[in-house]
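First the structure, which I've put down as structure tokens, then a few questions once you've had a look.
As written, the chains take the letters A, B and C, and residue 1 is the first residue of each chain.
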Amino acid sequence: MRGIRKTYPGVVANDDVDLDAYPGEIHGLLGENGAGKTTLMKILYGLAQPDAGTIEIKSRPTALRSPRDAVDAGIGMVHQHFMLVPDMTVAENVALGFRTDRYPLTDLPTISADLTELSRLHGLEVEPSAVIEDLSVGARQRVEILKLLQRSAEILILDEPTSVLTPQEWEDLADVLRSLVAEGRAAVFITHKLDEVMAVADRCTVLRDGAVVGTVDVEDTDKASLARMMVGRPVVFRATREEVEPGEPVLRVEDLSLVGADGAPVLEGITFEVRAGEVLGVAGVDGNGQTQLVDVLTGMTRPTNGRILIGGEEVGRLTPAEFRRRSGGVVTEDRHKTGLALDLSLRDNLIMRDYRDRPLSTRGLLDPASIKEHCLNLIRRFDVRTPSQQIRMRQLSGGNQQKSILARELYAAPNLLVASQPTRGLDVGAMEFVYSTLLERRLAGSALLLISTELDEILSLSDRIAVMANGRFLRILPAGDADAETLGLLMGGEE
Amino acid sequence: MGHKLLLNGAMAIGPVIAALLVAGVVLAVAGAPPVEALNALLSGSLGGRIQLARTLSFLLPLVLIALAWIIAFTTKRINLGLEGQIIVGGVVATLIGLHLGGLPTGAHLTMGILGGAAAGALYAGIAAWLWAKRDVNEIISTLMLTLIAAEALGWLVRGPMQEPGVVFPRSSAVAETAQWGTIVANSALTWDILLVPVAVVAVAFLQNRTTFGLTLRITGANPTAARRVGVNTVRINALGLILSGAIAGVVGAALILGGETARMGDGFSAGFGFEGIVVALVARNNPFGAVPAALLFAILDSGSGFMETRVGIASELVYVTQGLVILFVAGAAYLYNRTRRTRVDTSGTTPDAPATATGVRAAG
Amino acid sequence: MGVFDAFWLATTLRLSTPLIFASSGELLAERTGILNIGLEGFMLAGAFFGFLGTYLTGSFLMGVVFAVVAGAMFAAAMAFLSIRLRADQIVVGIGINILALGLTSFVFREVFSGPQVLLDRPAPWRWPYLAEIPVVGEALFAQPGWVYFSLVVVAAIWFVLQRTTWGLSMRATGELPEAADTAGSSVFRNRWASTLVAGGLAGAGGSFLSIELGVFIEGMTNGRGYLALAAVIFGRWRAPGVLAACLLFGAADALQLRLQAEATVPLEVWLVLALLGPAYLVVARRSLRSHHPLTLTAIGCVLVIGTILAVAQPQFTLPAQLWRTLPFVLTIIVLAGFIGRSWMPSTLAIPYSREADT
């Protein structure tokens, strides 16, 4: 790729980017969130058109106007969010967009046979007639890779493949990648995690603010210099955590369980407590029941079984309103889907939690003056960068959106804060702000339940760490006894 | 903000002008001189006392129905059954007007209006209940209820409610005490037009200055986020539909109690329940914008009859224009969103990376 | 069998036909994620232009061609606005309905300004031998040709969806458009194609109304487009279910036509009600997920109600206008009884954009 430039309204996503990938190499593409990695890969896969620049495949200039062109050119991509239709079978998903001799009829038997052959060849175990919904995340990733192999892709692109994998699954994936590359394919591996680049990549290109900072041989570099390239300044990873003597238990959960709509257990026998001034970290790979745990704890979903005690008192029927009345705050994992109303103004979003109470309203009438005052305060205290309170939420950056949520949920100093993936999709600056805000709450005596897939985050913020897998808490350890390796083993489900 | 106002105005007027131009072309193709037709349209709607009075009398149903649509649409519910809610509102108002004799004027009229509102609310309540409890799509249920109401009206004015001794499908005139006073004699322009500014201000106030209004808006913008902050979204959606129905019921009552003949005929709702939706869409769901939009459609409705006799062009052309306006408005929203998609550049943070439209539904 | 006779059966088939055409096209469109509230408008356009085409050319076949083209043209407007411009599908649908009502009425009054034009009606197809079967032969095998064709269409839609790569790609488009797109099949092309098919088939269904009757009446579809939409929901987005739903609505419509002419509701109708009512309650309760052993209660209900009816033989009927609402009432009742949201295509009515940011 040569001189790729792409702009979106108000943003330059890629600016004069060059990238080379050779057969037999794993090329890391490193950059923090918003650095333009995904845009670049969309261009390479025909999902977005560059404003300038050329793409050469095997030294031939190639126009990639659609994914079809990319597939024909031998490019295959495993997307960050899997591109698998959940209620179709593995074979149907692989058949999608693929022509067999029986075109236009579907030929699932042939495809299933191909799949069985390929999975034997590369050690990627998958059952062609299984429905995607019923598969584990690791299995889905295997399906995605088989899909590329079945289309004889020679350039493999993997976009942030690890956020959904346990460290062990990730090791397996790395092995598969190495063996595929050894057969003469090229792989581009997109990530914002330094460790992963260090572990598998041969060379690495670093992006910052849409431009290439440099391309280096991984052997000749170290984590610290890569980090400096990525962020543009030295990075202090450890958040400073002062000693706090934990107080009374604020949240206590006993034998909590939840059965899903299809009758399968989603949460099983979860018991823990979080005390005032304490951060309980919940480590685990996405999709192991964290979302449902947050929903149950904040009153969005009723548990099938178990007791929830907030502030020492048992809550009979927990609703979102009840959760708030008991001084609970929540930062959800997906701010767009569940945290914010993107089409309303910043002001409406900031008052969303408390507009029904004084002083923001009296007897059902909103009080514009005190609302304005209130929002001004929050914007200042939580450093939300905005030209106006009236701006639509959609127009703010991810970092400012997250700060707005923190402002709304934290200003009233909740005794209990449930924060799920609070830094997902944020750049380093915003991340640091979130960390310091959370730790401030801890110091002020709130109980924090921090749910995250990022082990670094869990390790640097938590006092105690629970590991969650398959809807259960496997073990709760003091932070001092935990390191990435033990957590990783536990996340894989090994006791 | 002046720039924004201008943009909003252009986005509202542009599609209307485009639709009128297309209608002009249709006129020319159909062999009528467009200028003369326009002339006839305007003199038929604004050219005299009676004409003007008729035009203004259309404002009430058009504006109030637009408001009714806006209320339900604030929570993203589609009330396609406003026409049916008008009908049941009118039926109940007629019954009250006919049978509750002996009340003082103000009280009788008020009873009629409230009765209409209650009937409309109850009728919309059926759809609201079906939506909330039985997950029935409100678009289909409200429309089915409209078809049912229209048939039932046809029966009522030929059966139990028919004026004795008359062959026409209509009821007797309601008692004097239940009628609005006329502003212009021998026209449908009555003092009920005062409800228009009252309702517009009330709805705007409700939306922007009350907690209930904000609850409606949050629920419409993101139901999950609304639930997270403790809103009972199902109840709010249902309430939005019911309130919408109540307003439509008031329109039904006004069409009878403030009508030219003060009696109920077959098809008295005259399609206002759909036309008002067009008005709301042209006004981009803004309560204040509904007034000028309604005025435009009132002129079209009121003058089209005269245009038909004068230049011999079928008055249904008005509906063609309305349909085109909706389509152009829908298309114009694309341009509008493009101008608003720009993110603000704030130092210190980079904008959120463009994400794929929908996330994966993870296991479990 | 009283009112449930061969004539009723024949009427059921004929009244179901326009619904089957419209619903099977709409089924395809909804499986790709497009919701056509404007189905009523497509049908009305078909009804008018089918009539016009037949009038102008003197050929029923040309009439249907006119109708299909007209329906597809309206669908093209829908597709352009909702797929290309990503406009709100519901709003566009409402606009299509108003436009179609206005345009057909306008052109009808401009072209046929004189006395009512009555066209000849097409002759039915008599299937050799089969039409001679006693009782049902005439009803089932001597119908207008497109009654049979509608069944072919719904079968074809089923086959395309379930057995072909196009269908696979269309289903993926409705469930997870990104997956279809990245697999190299065009979301836009799928949605355009399915919307045009929906428009064309709805047009064909609409033309059945006018051509079979030999006249065009302004607004003559009278809610049938919405019935067809309901049939797709009630049929749970699967071709066999949709066909069954259309037949049910057709049967109700045929029944109400018969009942208008009866002096009292005959016993057999009460008996059917006594059977279907409790059955409905059982199924509806199940879809509410309350697991009560209702079957026994239901059998009890049937016996009790049946006995009462047999003894009492109530004298009861409704005015014609209220009988006419039967299909609409039935629609509401069946939709209320069978919750099927989980069967709905995931991205129904949600526009797709490659570069969309949520």
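Criterion: a residue touches a chain if its C-beta (ideal position, glycine included) is under 8 Å from a C-beta of that chain, and two chains touch if they have at least 3 such contacts.
In this text the structure is predicted, and so the values were computed from the model without any measurement.
Set side by side, the interfaces A-C and A-B show unequal numbers of C-beta pairs in contact, with more at A-B.
Relative to chain B, the chain whose mean Cα position lies farthest away is A. With centres taken as mean Cα positions, chain C sits 28 Å from chain B.
Between the Cα centres of chain A and chain B there is a gap of 45 Å.
Along chain B, residues 352, 354-356 each make contact with two or more other chains. Residues of chain C in contact with two or more other chains: 176, 178, 355, 358. The set of chain A residues that touch two or more partner chains comprises 8, 79, 81, 84, 86, 337, 342. Residue ranges on chain A touching chain B, taken from their complex, read 8-11, 13, 33-36, 38-39, 79-82, 84, 86, 133, 135-137, 164, 209, 260, 264, 266, 286-289, 291-292, 298, 300, 319-321, 323-324, 330, 332, 334, 337-344, 348, 351-353, 355-356, 361, 364-366, 368, 385-387, 391-392, 395-401, 425, 427, 429-430, 471. Residues 37, 77, 81, 85-88, 90-92, 94-103, 105-106, 109-110, 176-178, 218, 222-223, 226, 229-230, 233, 319-322, 324-325, 328-329, 331-332, 335-337, 339, 341, 346-347, 350, 352-353, 355-358 of chain C are the ones that touch chain B when the two sit in their complex.
Residues 8, 42, 45, 47-48, 66-68, 71, 77, 79, 81, 83-88, 92-93, 95-99, 103-106, 147, 261, 336-337, 342 of chain A are the ones that touch chain C when the two sit in their complex.
By the touch rule above, chain C contacts chain A in their complex via residues 163-169, 171-172, 175-176, 178-186, 342, 354-355, 358.
Chain B makes touch with chain C in their complex at residues 26, 30, 78, 80, 130, 134-137, 139-141, 143-145, 147-148, 151-152, 154-155, 158-159, 274, 277-278, 281, 313-314, 316-327, 329-331, 333-334, 352, 354-358.
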